[in-house]
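Think of it as A, B, C and D in the order they're written, each chain with its own count starting at 1.
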Amino acid sequence: VPLTAFVGATVIDGHGGQPIEHATVLVEDGRFLAVGSAASTPVPSDAEVIDLVGRYLLPGLMDANVHLLPWPSWGYIEFLARYEDRFDAVITEAAQLALASGFTTVFDTMGPLDSLLTVRDRINEGQVTGSRMFVAGNIVGFRAVFTTPEAIASASLAFQQRVNARFEAGGGPDLCLLHPRELAAQMSHYVSQGVDFVKYGATGDGEPVNSQIGQAAVLRFSPDQQRAIVEAVHAAGKTVQTHTTSAESLHLAVCVGNDLGQHASMTGRSRMYDETLERMVATGYSCGTQWAPLTQEQTERVAAGDFSGPQESGLDNIENAVRLIRAGVPQLLSTDAGTVDPDVAKDDEAGRSSMLGEAEFATMRAMVDRGMTPMQVVQAATANIARAYRVDDELGSIAPGKRADLVALDRDPLANVENMRTVSLVVKDGLVIDRSALPSSPLLTSAAATSPGRIRTS
Amino acid sequence: VPLTAFVGATVIDGHGGQPIEHATVLVEDGRFLAVGSAASTPVPSDAEVIDLVGRYLLPGLMDANVHLLPWPSWGYIEFLARYEDRFDAVITEAAQLALASGFTTVFDTMGPLDSLLTVRDRINEGQVTGSRMFVAGNIVGFRAVFTTPEAIASASLAFQQRVNARFEAGGGPDLCLLHPRELAAQMSHYVSQGVDFVKYGATGDGEPVNSQIGQAAVLRFSPDQQRAIVEAVHAAGKTVQTHTTSAESLHLAVCVGNDLGQHASMTGRSRMYDETLERMVATGYSCGTQWAPLTQEQTERVAAGDFSGPQESGLDNIENAVRLIRAGVPQLLSTDAGTVDPDVAKDDEAGRSSMLGEAEFATMRAMVDRGMTPMQVVQAATANIARAYRVDDELGSIAPGKRADLVALDRDPLANVENMRTVSLVVKDGLVIDRSALPSSPLLTSAAATSPGRIRTS
Amino acid sequence: VPLTAFVGATVIDGHGGQPIEHATVLVEDGRFLAVGSAASTPVPSDAEVIDLVGRYLLPGLMDANVHLLPWPSWGYIEFLARYEDRFDAVITEAAQLALASGFTTVFDTMGPLDSLLTVRDRINEGQVTGSRMFVAGNIVGFRAVFTTPEAIASASLAFQQRVNARFEAGGGPDLCLLHPRELAAQMSHYVSQGVDFVKYGATGDGEPVNSQIGQAAVLRFSPDQQRAIVEAVHAAGKTVQTHTTSAESLHLAVCVGNDLGQHASMTGRSRMYDETLERMVATGYSCGTQWAPLTQEQTERVAAGDFSGPQESGLDNIENAVRLIRAGVPQLLSTDAGTVDPDVAKDDEAGRSSMLGEAEFATMRAMVDRGMTPMQVVQAATANIARAYRVDDELGSIAPGKRADLVALDRDPLANVENMRTVSLVVKDGLVIDRSALPSSPLLTSAAATSPGRIRTS
Amino acid sequence: VPLTAFVGATVIDGHGGQPIEHATVLVEDGRFLAVGSAASTPVPSDAEVIDLVGRYLLPGLMDANVHLLPWPSWGYIEFLARYEDRFDAVITEAAQLALASGFTTVFDTMGPLDSLLTVRDRINEGQVTGSRMFVAGNIVGFRAVFTTPEAIASASLAFQQRVNARFEAGGGPDLCLLHPRELAAQMSHYVSQGVDFVKYGATGDGEPVNSQIGQAAVLRFSPDQQRAIVEAVHAAGKTVQTHTTSAESLHLAVCVGNDLGQHASMTGRSRMYDETLERMVATGYSCGTQWAPLTQEQTERVAAGDFSGPQESGLDNIENAVRLIRAGVPQLLSTDAGTVDPDVAKDDEAGRSSMLGEAEFATMRAMVDRGMTPMQVVQAATANIARAYRVDDELGSIAPGKRADLVALDRDPLANVENMRTVSLVVKDGLVIDRSALPSSPLLTSAAATSPGRIRTS
């Protein structure tokens, strides 16, 4: 059994503890054996020594919300048709990009379940190198693809049914019509397919319907139905989370016992309730954080407590975000990141800006802009996620017994959050990753080489 | 003070009591003074005697759900534009048609509040003859008109805003976005405008959105929000009812304390829950009934308890209807009836079949087809409605002290429900109505004279 | 028979002749009796003398292309429904606004024929005061209203058919399907309804169809069909003109023998052919001119012959306009002006800017911006139009024997074309118009009083 | 050089000549050496003898209008995306199906030019077995794909531009905007890319635009533009044909000098002009024939000259067809046939019914139903096509010197046109085709094996 010693770096443990300078981290059999100052942590003579003097060593980074089959491309029939037989390969490529970028663990919150399970298992079994995946399958209650009249009119029925079935995996919109009792039974079945956690759509999909209140403010599942989902998933030993898009739906989601919620700051035309914040704190609710960097002017306005100006569009409500931070609600780096089809990338700014390995660092910047410290950012990308997903016995910090996932940075992230980008070494399960070899079979990202959003993997 | 004696008819009292043959009904000052057999009820010598020998005397009929400004015509911009300055006149004409058809009291559950209040008050003050009106204004939470992208694209913004404001009267879709506390305050304000009762939209408007579950199965108001509405309206001393379109929303509506619900049998692709029926019975919930007559084959299948075949489309789920009847849930004649713009009538079968004075009698036939007795039908059109709307101290039956609203039929309605159509005398507040003079200023119905749905007023 | 002498003004005759200062214009029985210098033109002693010293006297102005039922409002179902029974009144109001603004003669090139004929005849018979109208009815081959899928979906079929029939008057899209021989017969019938001239749609309606070439570049009538129209209309003694929207269709329109063409500068993505200009000159073809004023920068670029920048959108191609002017093709003031529904005006900048009495003066400014002299502008608004429509024996200039239509301006129009706006006296058929009394029954324009496009009638 | 003798069959020569029983056909070096009765045509001793006693020997069949990249599948983005990199393979498969079905020569009138040229050349050079292809590329002036708003909204711009460019090959809708002189130049360039003939779109694409006359009745190219195309193509030594969809456009197409026209019977709501028929006869114009078999009732009505009933939809106007036949206008088998994507086939009846090897035989039946003799049908599928395309010196009949393309039938086609389906031997350029080996790499047709339209290749 090989033993490795990472020596000389400043260790930042993921839990917000005091950094340890000139630290020694011992790894054996894929797990941490010891962490401490050089003085207190002798390096065994048979250890392979990796010299990290001058660098900063963090737990392997995590993203609490990715779509390894890239969601901006799902909207394009051409993408679905071109890659229908190669979803596995697209997902593998994305998992490799994530790993090469320092993200040793990712949580995929929506995608075709069959291919996600296949790739997850291949990676876990060591057949393929890639980020460690936890997968949810569908956002329960949603139709993922072919959601517009235009798309429905532009593809054959057979193709739509085949692709919809792969995305929904038995957890599609029909579940919204079920009695809570029947819904619970259906959720038990859904979980039994092998998902690692469950996400359901408490509200519609955010698209306005005519000039009325829109899907964003209607409940797809009643509170009774939501409780049935939560209980069934918890009974199966999994965590459960929600997609919400209004103040009322967010409040309900917290009340019915969810473990965490994605993009909680997104409450549309309503303001997040004060009692929602209180309840989050009381119940230990965590929030996936999907924010964009601010302009200088916005940053100054935030510092002055002035939220009178226009909020950012879409997922991001600046005032809500600041309130969440100030209330101490644990934030999770949660980006919706993936790859992007090169054709789609030319069309779609959103597609480009959600590239894995770029979106995460932009979000870290956005966190600081809203008032988080760099140390809180590190926690949001490591220990907070592990705790929210209840995998903190294994992941999320540098501590003896846990899986030895590490990233080394060239520059101090606590001095400037932009230094999080200076990843120069990635270790997963104790093994140093050859980042230059990833992705092993480029499919989307090589073609995208000239696109602005192209990830730089070294 | 004049005193009138209606003598010789068979009296059917509205409550399901044993009919009184050769009865005498005494009316004084607009109210019933006495009701009984000729033997037990002497006719004072100064009474005006109206001879009804051979006829059948019932309480004035009621419709628990009309739209005096006709809803099928709202969908047409041309109707709104042509009559924008004449909504009062259109509503008056409809109230007169209702009265001429024997419906002495109607409950308008959606329409432009300003005009509805104006006409209601004119009738109540005796300035105009017409059916007694109770009005709700908007279905709270709904946008009534300009609901399709096509309509929105085809009218000026100024016109849309002006008409929307008249229909919504402060109770439009924005209310769905409010915190329950704010919603309660807004509802108190809404009620203070002079409405007689409140109806809110628990679910969407029944229109499918793409191929997904559609508006019909999403909640526009959470249970907490619904409770806030119900409590605010009850606190103002008014009844409150809902529009629901799914099994789950129907169940919630019963649980949150509504007094009655419209078209409860409409649960879309789900089956009404057994516990919903139980709770309706336990809480005295009444159901507005909007059914279509059955074919002979359907009637036989219903009698045999066979609900395997296709259900009727739209509002009507035959099995649910039969279950409601068998469980003893009080049914209310509730038709959505109104008049119809003649141009629209040529386009729109629904428009024609919802004509006041036709729709009600078709619905009565439909009630018998599903298993109600003719006596239950009479109750559904009189005492049940008065009780559900909490106006049974004044209306809904032939009993001393109540308002003297009567209809006389030429043939026995208990022998054949179709005989309900044989109305030959209408009395409101003790006064015999000159039906041949109604409507007094025909606007829509004269032009529609050649349309199949044309009401026959004598 | 009264005789009137307009004395002291500078007369500009409409044909480009040298202005006569201190002129005397004698009018008898509604026609000019004499025009000349005070010295050469003695005023009879029994004449009523109108002193115009210091002012400028021009022939009554003309607009070669108006829509008295305002076209921007046709697109709105609400307008059609609200005024369906009052088209005559809307047209009358517009004819009065035109007259009050100095336009004693207008040519209506599209609108509901029945109402246009009715109002034209009432004015000609002296029952109503208004601008002298010449009317075409439909643009032959076009559907005028209910042209979008949205509008078609938002109105009843009966209403659409009724309104379409009034606009098309037998000259609708079906004519495009006819054999030239049958088309000629149909045109003879169309003309026999009493139109003063004919306009047909050589190309589509300018709306793009998908991403392809669009309606603007397809021919609705083949050259053989166009020749059949032209010959049939000429045989009936009327002039014929076209709507064209491409270089090829414009060239064909000139070749088949049209008398004039509207918005000839509108050739879409193609450049007007040189041989088209040559042929216009050779055949005496006149062009309706619908241009917008230029910015200072554009004016300078035009002066420098630089047409490399962006052209104005829609009807106006600056280079084509300049080429037409330089080639000496007679230009006609031709504005599409009308009134505007006040609701529509709030929506629609185009509606506001096409107000009668405003659009014309803006177009005059635009003519000068492109290189026309003020004198040429006067001709474009008077004699050129009369000649193109072949009514120059009666109208278009101040000459003995012609109808005595006059406008007096306070300031010299030849010094600055903006002085055309200083109309302070309008004479039609020898009678001074009481402009303060127009419109006599304001319908659209009073309601529009606060709208930016509101015409100022004094 | 091998010499082959086909002996014993009844030869039907393609020109309508008297069949030769017990004939001998000698083939040398890929061409016919001699044809005649056994008595008059001795078989050289070194010839390979193929015994066809009891069979019927015809020239290789031809289809004057196919789409080897199947057009019903173009409408589906999924098809374009899935096969974008394999258009060559799809076209090859179709060319092999055509050959296996007896169609030794096909004329592709619309498809992606690059792939069509590639496959044509590979077949001609003997690298691949397949039907002899003549290709046109685009229907000049048309946009082939992404023609609906829905499709345009559902694919990335980059993908659309790439695919559109391959289909249009410089002959797209922009050409409609050109001056005839510039259009001629552009056509010379277009032809120089290697096309075998040219087809242009005289009218729109047959799709209705709103409720107006629709694309079907508007001209995309003026007569002058059409003449410019015809002259430029003729100058390059190629034939030129049109797509027309109205009576007027058909007449023009004949007048401007086209060699042939597709689906001439399709004149929409107008009746084909008598003078069009006369001119076709006078100028030797040939018509592509795309008809559907008739019902028994329709057949009887046609025989009785009764065309009062409903015409068939789409391409087929029965009365026009009968008039063309009776006037003696040469008819060409012209089917739009291709393969079909299996997903699309489930959606699309049209897709299934246009399968190569099925569509042709159905059309032959349709020809007889309208009054053609089986002998005329044989000519329509052989000599008429060769003559219209001006390749009759090489193809279309069994005559010495021509290319030795043959099909042998098991049963007499002159006795019953359905016997055309009994193809049991196919010879191209003198070589017997191994039909069981085609298609060599099934792509669409194997997957479609269970679809009703599946071709049976043996």
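By definition in this document, a contact is a pair of C-beta atoms (placed from the backbone, for glycine too) under 8 Å apart; a residue touches a chain by one contact, two chains touch by 3 or more.
Remember, predicted model here, so these are calculated numbers, not experimental data.
**Student:** Any chains in contact with both chain A and chain B?
**Tutor:** none
**Student:** Measuring centre to centre, with centres taken as mean CA positions, what chain is farthest from chain D?
**Tutor:** Looking at centroid distances, B is the chain farthest away.
**Student:** For chain B versus chain D, what separation do you get between their C-alpha means, in angstrom?
**Tutor:** Distance between chain centres: 65 Å.
**Student:** Calculate how many whole Å lie between the centre of chain C and the centre of chain D, each centre taken as the average of the chain's C-alpha atoms.
**Tutor:** It comes to 53 Å between the two C-alpha centres.
**Student:** Where the centres are mean C-alpha positions, what is the separation of chain A from chain D, in Å?
**Tutor:** Comparing mean C-alpha positions, chain D is 56 Å from chain A.
**Student:** Can you pull out the residues of chain A that are in contact with at least two other chains?
**Tutor:** Answer for chain A, listing residues that touch two or more other chains: 148-149.
**Student:** Every touching chain pair, please?
**Tutor:** Applying the touch rule to all chain pairs gives A-B, A-D, B-C, C-D.
**Student:** State the interface residues of chain A toward chain B in the complex, per the touch definition above.
**Tutor:** For this pair, the touching residues of chain A are 143, 146-149, 152, 173-174, 176-179, 204, 209-213, 215, 217-220, 222-225, 246-249, 252, 268-270, 273.
**Student:** Which residues of chain B touch chain C in the complex?
**Tutor:** 76-82, 84, 148-151, 153-159, 341-344, 346-348
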